[in-house]
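Across the two complexes that follow, chain A remains constant while its partner is chain B and subsequently chain C.
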Partner chain A sequence: MSEVVSALHGRRTEGSVAVRDTGPRGMIQVRGDLGAEALQSVCREVAGSGFPGQGGAEVSDQGAVLWMSPDEVLVLTARDRAAEGVTRIGAALAGTHHLAVDVSDARAVIALEGAGLREVLARLTPANMHPEAFRPGQMRRTRLAQVAAGIWLTSETSAELICFRSVADYVFDLLANAAASPAVGHLPVA
Partner chain B sequence: MLTLQCPYCGVQCDETELSPGGEAHLTRFGPGSDDTEFEQYLFLRENPRGVHFERWRHAYGCGKWFHAARCTMTLEVFGTYPAQVTEPPADLIEKIREKRPGWRWRDLA
Partner chain C sequence: MSTRLATGGRLIDRGARVEFTFNGKRLSGYAGDTLASAMLGAGQTLMGRSFKYHRPRGVVASGAEEPNALMGIGTDGHFEPNQRATTQELFPGLTARSQNHWPSLEFDVGGINKHLSRFLPAGFYYKMFIHPRPFWKHVYEPFIRQSAGLGAAPRDRDADTYEHYYAHVDVLIAGGGIAGLAAALAAGRAGAKVLLVEQAGHWGGRAPVDGAVIDGKPAEAWIKDAVQTLEDMDNVDLRLRCMAAGVYDHGYALCYERLTDHLADKAGPRHRLWRVRAGRIVTATGAIERPLSFAGNDIPGVMLASAVRDYVVNWAVSPGDRTVVVTNNDDAYRTAIALKKAGLEVPAVIDARAAPEGPLVEEVKSLGVKVLSGKAIAKVKGRKFVTGVAIAAQAGEGAVLEEIACDAVAVSGGWSPVVHLWSHCGGKLTWDEAQAAFRPNPDKGPTGADGAVFVIPAGAANGEMATSSVLSDAHAAGAKAAGADAGDAPTAEVTAEGPIAPVWMMPQGAKPELRAKAWLDYQNDVKVSDVQLAAREGFESVEHAKRYTTLGMATDQGKLSNINGLATLAHALGEDIPQVGTTTFRPPYTPISMGSIAGEARGALFQPLRRSPLHGWHEANGADFEPVGHWRRPYTFKRGDESREQSVAREINNTRQGLGLLDASTLGKIIVKGPDAGRFMDMLYTNMMSTLAPGKCRYGLMCSENGFLMDDGVVARLDEDTFLCHTTSGGADRVHAHMEEWLQTEWWDWKVYTANLTEQYAQIAVVGPKARKVLEKLGGMDLSAETLPFMGWATGTLAGIPARVFRISFSGELSFEVAVAAGQGLALWEALMEAGQEFGVMPYGTEALHVMRAEKGFIMIGDETEGTVIPQDLGLSWAISKKKDDYIGKRGQEREFLASPDRWKLVGLQTLDGSVLPEGAYAVAEGTNANGQRNTQGRVTSTYHSPTLDRGIAMGLVKDGPDRMGEVLTFPRVDGTGVEARIVSPVFFDPEGEKQNV
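Then we have the complex of A and B:
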């Protein structure tokens, strides 16, 4: 068994908005009929959270279910529970058209903390980061500079985002650079 | 700047989150078609100054294709709708008739 290492090796920066590698995370890509009760309930069980509607992010202290597209969610859990989660989802959906894959090693999860995080994100994404347009409980897949990312707020002053593992350093550097710049004050601060 | 609402995600997408897919509602002519049909399918496109129907892909989001009706001159967006259709929805056509009397696009008017 090889040693599990996150792409960013625990990198972090401090400051008014801190940027932090959240370490190894269990991530399961699930595709299928999102309206099916069997799919929703097994995702809730594996993540220990609710199941989101369109564009939603349901987060708990154990995991999360993130809405990715009309036929896809990303289930977050502990890294050492991902394989077991895939097995459980596969068993629950056996005989129905679905897909469940452990993508834990394919992605990185980065956390932002600080009152000015909306402005840090707004420097990098064309998505509207205004508090009236983007709230905790929403999942926003978008672009950070030149690469794809998915962002969700865990509170008014904290956010998490996913990107592909191969661009984790690029995204971390972008965020760290954006967070080091002084606030412009265009977006309301929480 | 062009902002289109993805009909699958419901989010307002910036143009840079999307991939353009060219003209919408093309009828494919392949093996068995005559040369004129094939030429029209492959090469001939509308290039309107005004109402246009296009395909877009929500590349930095759900990854799905959808359709958009917009004005090429003002960038006014009349609406977006899912790709699983062969023509624009009737209520969208009605809306365009009200906003752009006398418009024409292929055999739609």
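Then we have the complex of A and C:
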């Protein structure tokens, strides 16, 4: 099997806020009854993390479950475990109305690192990036300039975001451009 | 003549000389100067020419309201026209040029227009240039455009960068004068998140100039303390050089921060556009002084009284040795006091009021200044600069009583609260008779989502003019905005002032020749006589009179002229000012740069560019791209010196005879899954999809509710519950949204989920007689005709990569579309290119795709359809199920017009001479229609040169087309000649489909 390449081929920038391609990532789109224990538990198992409430992001070392909409979550895991994850979810939910598909290659995952990352994002997203409004453990679906994105904080000084694969370079360039700009000084710095 | 005073100037640093140039002339000022104060300090009073008559103009104001002193600032990529010298801070090396003059500022040929002014009254252009019609475009307009117009458009690409910034705050405060500071202190102490923005480069507004004493301290000291207190609050962000430009629905506001306009070092973003969501917006935007309307009030040297004392106190600039003050209120007396304190002469204060009295009047008199009450300026003397004023009785018609020599005139007609931001989102105004000014009507403010008024005016912007009431009002506004009590308001010493006398014309009975020289709008050259003429000609609405006269339509949007203009109109109509009303205030408050609006969206970031997983390979291998939606797809892969046409022909011939590869990754791929998926698919498509067997594919049509064909593509049934819908490249998002809309709003109880997997897969079409051979060479799947027949699909691995292979064809050739995970698309493509060497493989682009599908008579969404075409028009009735009760669009297609037998229908068109029909050409019919145009009977929808057949081929929609095979139609070309084409079957190549079924 040939090696899987991410859309951004490992691009990265350094600076006070670094922008980095996180490489291939396993991603499973799951739609169904989010209140069902069977769905929650299989997602927890596949991701190795908790299961989020509305607007939440449950992140662990192995993976994450991100709340996308009232009937949809995104399960993150290692790229080489995605296919198996889809199978497990399918097996656990057999007989119930659901959808579980591998979307690992449909999206890019970009990481931001640095104390000023909130202001980098606030140049591009209309979502409120104030520390009181957006905290680790929250998932924010929004837009970055002209395209859709989803953002979650992995700590006070690091964040990850997803965008569609075809616009990965656009989003990376947006973030790199915003990160190169002098600090605005509006939001409190972590 | 203006000059720099030896001492004083609270904003300038005399230790820091700053060199700049004006029209190439080297001048110098001090750090802290504005361009206007530096020019006045250097004796440069003439700053520009007016728009229509090219009259010489000097600076009138000291801030954002300035109508005259507009400059082109900077050079090359940093050049920007129409910048106000009053708000441009001085920096070393600043380059300014005056505008609207030829050949020079001092001698301007267009100034001759001023002698023609009696021939250029209001509405002149409308009246003069209406006939003959063609003359407007070819004669009048070019001439007028050359003589009119303000700044020159930049010639170079903007060298600066810009950015946006989204902020969410509890309270946005517009204006950093004492009102804004008091409001911010109140809101900040109450714990609200506050953003305080001030358009100028310093805090405190004009309170220090006016000598206010606050909380027992001089205003300057109080401001310093207030700013320090606010800076110490973590919940308050203070921004200088940041203007609140507009207020919009739901507490949204735009603020315009100028980051480098005041610096010699232009590194970093030039402007930052703040896109603010605020719970409440406090407008502490102050007030603007009005001029008075008297003859010659536009001559350089006539300035607002407040601006005169600003220049003296802030920048130690004297506008002239002898300044006459003319007023209808007490405030202007402060100017006389400031001038006297600076050691300058004030020959007289001319007060239109019969008996002015009060402490300010007494103080002026005690300084030895003559106060002429009940008097008016009959006219100002001088041309490029003031030489004196002629005095008359305000009550009379302008008979001159005496003349006073002077070189400046300080004028005050009262103050207008800056109500722009209050009004942007619908706040209403009320006329304050006592102050002769419009002020916010507290009962009719703009309301937000919570039903409450979200804009709170404060201080002078709320019509509170005395320092003490400014502070208490602003403090209350800040507390209200924060929704909390905020303790005691600052207090100020009270200076009693006598009442203002409304004066809209000076003298009140001014003769016509005086009215024709009394300017209302300096920038657009509108005079009292123009507005009066508009009233006489029936322009009774203020909005009509504005457009007819152009009053208030220049770049300053009439900040000085609007109230005087509408008062003049009201007077001419015999109505009260509130009955006439104001024109509409619209954002931005003052112009903001185009660059700030664009933000980062320029160059490579102008628009998102969607890249397929193979985009990099295409770029590296000579792809000639074309836009398809936001995608860039290879149109063709040119080799050597080939033309586009030669390249496309080579790709087609190679594919038909050997092997071609197409990147089909951009095709939409949407999963539809659930127990009700079959039922849903039957509604989405005109075909019967629920009977499709797993493992099979079917071509399907999708219509809008109105019955029009909106998308097409191949549907594969993956299992009992799951369908994979291929859509057009541009249609994927729209079709997915269409599905979700029907599921969420109409069939919410159907058990169906959808997922847009377009970008999960790289999809490669392997096309041509050698297609199976190359795939077999990669190995891993049995793709024989028996195992994988036409319109079937199978999964397996190819070259070690998990793949789903669809045996479908859009070219008429043996064809497989191979879908693999996007991250492995390049690996598969390269494996195919390598394995295909021996079969002569070549990639082909979208044009070859289009030509090959046209040779086969396959329709293309967007060519054969344009939103008004139904499947029945295209000979696709076979794809419309007769067995179903319903599908989206069925009812629409039954409407009389769509069911009519007279609709134009799809046919092939073959030119008699083998040429290519022009795109979009119409077939003419006998006779003419009601408009005298030739009747038509059909049109070309797709037209190409077919390399396979070596002649032009086309498809078109023709009336009764399928019943007229063999008939010849004529298609006129734009050059007047015509092309004859025969109606034929749209399938030009391999009508039996033998090539794809092998």
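Basically, the second predicted complex is superposed on the first by the 188 of 190 C-alpha atoms of A that agree within 3 Å, B and C clash if a C-alpha of one lies under 4 Å from a C-alpha of the other, contacts with A are read in each partner's own complex, and residues count from 1 in each chain.
The criterion applied here is as follows: a contact is a pair of C-beta atoms (placed from the backbone, for glycine too) under 8 Å apart; a residue touches a chain by one contact, two chains touch by 3 or more.
Quantities reported herein were computed from a predicted structural model and do not represent experimental measurements.
J.: Which partner does A:G35 reach: the first (chain B), the second (chain C), both, or neither?
T.: Neither partner.
J.: Going by the contact rule set out at the top, does A:M68 touch chain B (first), chain C (second), both, or neither?
T.: Touch status of A:M68: first partner only.
J.: Quick one: classify A:V4 as touching chain B (first), chain C (second), both or neither.
T.: second
J.: Touch check for A:G55: first (chain B), second (chain C), both, or neither?
T.: In the superposition, A:G55 touches chain B alone.
J.: Name the contact category of A:G95: first (chain B only), second (chain C only), both, or neither.
T.: After superposition on chain A, A:G95 lies in contact with neither partner.
J.: Chain A residues in contact: does chain B have more, or chain C?
T.: Between chain B and chain C, C touches the greater number of residues in chain A.
J.: Thinking of the overlay built on chain A, is A:V184 touched by chain B (first), by chain C (second), by both, or by neither?
T.: A:V184 contacts chain C only, not chain B.
J.: Which partner does A:A148 contact after superposing on A: first (chain B), second (chain C), both, neither?
T.: first
J.: Which positions of chain A sit in both the chain B and the chain C interface?
T.: On chain A, the residues that contact chain B in one structure and chain C in the other are 126-128, 133.
J.: Which part of chain A faces chain C closely enough to touch in the complex?
T.: Going by the criterion above, the answer is residues 1-7, 24, 29, 31-32, 71, 97-99, 101-107, 119, 122-130, 133, 145-147, 164-170, 173-174, 177-178, 181-182, 184-186, 188.
J.: Using the touch rule from the top, collect the residues of chain A that touch chain B in their complex.
T.: 54-55, 68-70, 72, 126-128, 133, 140-143, 148
J.: Taking the touch rule as given, give the residues of chain B at its contact with chain A in the complex, in rising order.
T.: Of all residues in chain B, those touching chain A are 8-12, 14, 16-17, 60-64.
J.: What residues on chain C touch chain A, complex-wise?
T.: Contacts found on chain C: 161, 163-168, 193, 195, 234, 237, 268-269, 272, 275, 277, 599-601, 604-605, 607-613, 630-631, 671, 673-675, 751, 753-755, 757-761, 799-802, 821-824, 826-827.
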